[in-house]
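Would you mind keeping the following structure in view while I ask a few things?
Lettered A, B, C and D in written order, each chain numbered from 1.
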Amino acid sequence: MYEDLRADLTRLHLELPKNGLVTWTSGNISARAREHMVIKPSGVTFEDLTPESMVVTDLEANVVEGKFSPSSDTATHAYIYRHLPEVGGIVHTHSPYATAWAANAREIPCVLTAMADEFGGPIPCGGFALIGGEEIGAEVVRVLRGHRSPAIILQNHGVFTVGPTPKAALKAAVMCEDVARTVFLAFQLGAVQLIAQEHIDRLYDRYTNVYGQRSGTPAKGPA
Amino acid sequence: MYEDLRADLTRLHLELPKNGLVTWTSGNISARAREHMVIKPSGVTFEDLTPESMVVTDLEANVVEGKFSPSSDTATHAYIYRHLPEVGGIVHTHSPYATAWAANAREIPCVLTAMADEFGGPIPCGGFALIGGEEIGAEVVRVLRGHRSPAIILQNHGVFTVGPTPKAALKAAVMCEDVARTVFLAFQLGAVQLIAQEHIDRLYDRYTNVYGQRSGTPAKGPA
Amino acid sequence: MYEDLRADLTRLHLELPKNGLVTWTSGNISARAREHMVIKPSGVTFEDLTPESMVVTDLEANVVEGKFSPSSDTATHAYIYRHLPEVGGIVHTHSPYATAWAANAREIPCVLTAMADEFGGPIPCGGFALIGGEEIGAEVVRVLRGHRSPAIILQNHGVFTVGPTPKAALKAAVMCEDVARTVFLAFQLGAVQLIAQEHIDRLYDRYTNVYGQRSGTPAKGPA
Amino acid sequence: MYEDLRADLTRLHLELPKNGLVTWTSGNISARAREHMVIKPSGVTFEDLTPESMVVTDLEANVVEGKFSPSSDTATHAYIYRHLPEVGGIVHTHSPYATAWAANAREIPCVLTAMADEFGGPIPCGGFALIGGEEIGAEVVRVLRGHRSPAIILQNHGVFTVGPTPKAALKAAVMCEDVARTVFLAFQLGAVQLIAQEHIDRLYDRYTNVYGQRSGTPAKGPA
């Protein structure tokens, strides 16, 4: 089942170490596939992943196909797909700068035009939730439903990003760490300038509705 | 049109991720070509760029040749070429350390002999300007006209560098991030020593007028 | 003797520079092999290591086989194997973030769920001990015996990690530097949230007893 | 002249970018060769270096052989060779962490056993000196003559390291940046523990006189 999607996911997972978002086997990506989802197997290193190693589950996190156990975050992914029907792909990482903000239970403030573009304002921080059950999924859904930001950081834990496709969620994860780093650095210098809300709104509107290539590739995308 | 220049620009763009100046599709380079400019297409990743994907526009930012939309920063590049006739190449990035200074609306002070050499003093910081129209270009031109520094950081945004060629502008972008990082680190240690203006002047004069290989390659260049 | 183990150790050593844990020739890995241990030769760079260059010693650190001198940390490794019979592999590094905590003689506090998973709480810091004799080994054994954490940092020095296999010890060394970095960054932001002990206990229990692939690969491993 | 040495120097220069010590064309290595020295050409990027591009000068910095101009730091290298007869190789970089300490005109304090081993104590900081003439060389010689440390940082400038061979000087440059980074990080955590002088002395003595492979390779070298 879902051969092309398994191959896509295998390739996308390699972007996680390449972009410095993961260490050892931490981090995972999933894709919605009709009434199922496809997700990384648990405890397999990124360079050992193959299309065949990917696991198919239903949206209650029951394995449908796959010789490995699915990621320990499967229940969280399934919960998000059940409650956010527009989501087609999810990425989870412990990327270091974003997770440092999360260890402070602190949203990442919007001090960069690139953040206004991509996240429409600050990146929100959800509360502490234990791993394993549906607590994390519930916290992600509570915060991201209706939110401009496709990224959330979770207290003491890490990052979840969502998108219409796994690639869009991956881009959000990459940009989340990028802005988390730059804003971290900015705060070390001591006199950060916030962007006015009206400017954030204009940047987000322009970026969402105007830029990028009009055909084929997604409408979003700077530069 | 401009086949060699398109090939050059494609190669130069690969230096941006290689030097850690860009993330995903952010960042772009352009070159002046007679009455036109050649620039990166919007929303295309660096590894997918080809000479054919580059876009030719006139200096009012109207597309002359190219199957893709040009970078969302095209109006800014065009404005700079119209107002600074000595500029033959422009680079734009959100490189993290330089952008952290920009988020503080703070020029990067001259505390390194390499900065005195390359930038002739501090790297200036321009004010906040919205993306999309000519506001950013106007701010770049206002600050850089007659300035020693080929680099400017823009509040809450990122970096623009200029040069007689795209390669010279690229070098300025690479060096800008390098000194932005070292000066950032220096300020975390708490007792940074400024360089006296007379020493800055002597270093800049020596570097501009004396060093490098005398034939072929540009006169500027340390080591 | 121990041909397969020599080949494994050679491959595992390459993970040290790849993960940014070592500089030049610093850092080493050993494996217990029946009544012996196999360890890196002293002063050989990682890319020059071969299976033949590995040194076999007894558990009193006397060379049994090998044309090179063994690592200058051999006495420490031997002491640990003699006193902690469950240990099958040991890794030593001066990885920068973990060593920065060590230079402060400060344990790394548990503010990440990934730390609760992997280390069961804070990463402990041992006291100052001179290199060369058994002082370091004694300090490692004193702190790690019966401790949840497979990693210890040593004041003004660096990191030792242990595991049932060299690969498990390597994973602990990689994760130790990863969390040392994220917790370092978190403390720069100023209001770090500790995880309650009962939550740490539940995370550690779940991670140790439930997750990962049940057959073949080790039970531990997130994602 | 000096064909083997030219080839060696070309290879060693590639270690500078590989270890993150240089940006663009900054940084250079030289080797003493009988009554001459061989040094990097000015303004040539590291990947464009060839054995033929290296420049031979006498110890008054006059070009003896070479089609390129020698490094702009040639007078400094020549001065050091003239005044420190035990020096066979010199490396110069602006590596970021070491240069951050230099921008504070601050020696790097000895808080790591690896520093005691390699540098025998703190890494000293020389005063401000203008580039181009002999001022920098004089400052390097004044501080390093009779000093345990093979590395010096120069106020507002960067790093010079010396050794019996260019490779030994390169190792000192790599280790200098490594410890500059770890000690920087340690100081951000706020309560750094100095190593007692008697412990520094014992570590330095042991490292210098005991460790490493006894035949062939240099006696110095940890792990």
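As a working rule, a contact is a pair of C-beta atoms (placed from the backbone, for glycine too) under 8 Å apart; a residue touches a chain by one contact, two chains touch by 3 or more.
Predicted, not measured: the structure shown is a model, and the values here were computed from it.
Chemist: What is the minimum number of touch steps required to go from chain B to chain C?
Modeler: 2
Chemist: Of all the other chains, whose mean CA position lies farthest from chain A?
Modeler: Centroid comparison gives D as the farthest chain from chain A.
Chemist: When the CA atoms of chain C are placed over those of chain D, what is the turn angle between 0 and 180 degrees, to the nearest 5?
Modeler: 90
Chemist: Are the two sides of the chain A and chain B contact the same residues or different ones, given that same means over half of the numbers occur on both copies?
Modeler: Different: fewer than half of the residue numbers at the chain A-chain B interface appear in both copies.
Chemist: When the centre of a chain is set as the mean of its C-alpha atoms, what distance in Å lies between chain B and chain D?
Modeler: Chain B and chain D have C-alpha centres separated by 31 Å.
Chemist: When the C-alpha atoms of chain A and chain D are each averaged to a single point, how far apart are the two points in Å?
Modeler: 44
Chemist: Which residues belonging to chain D are in contact with no fewer than two other chains?
Modeler: In chain D, the residues touching two or more other chains are 188.
Chemist: Every pair of chains that touch: which are they?
Modeler: Contact pairs between chains: A-B, A-C, B-D, C-D.
Chemist: Write out the stretch or stretches of chain A touching chain C in their complex.
Modeler: Those residues of chain A that touch chain C are 22-28, 40-44, 68-69, 71-73, 92, 94, 96-97, 99-101, 103-106, 128, 130-132, 155-158, 184, 187-188.
Chemist: Enumerate the contact residues on chain A facing chain B in the complex.
Modeler: On the chain A side, the touching residues are 19, 111-114, 117, 171, 174-175, 178, 181-183, 185-186, 188-193, 195, 199, 202-203, 206, 210-214, 217-218, 220-223.
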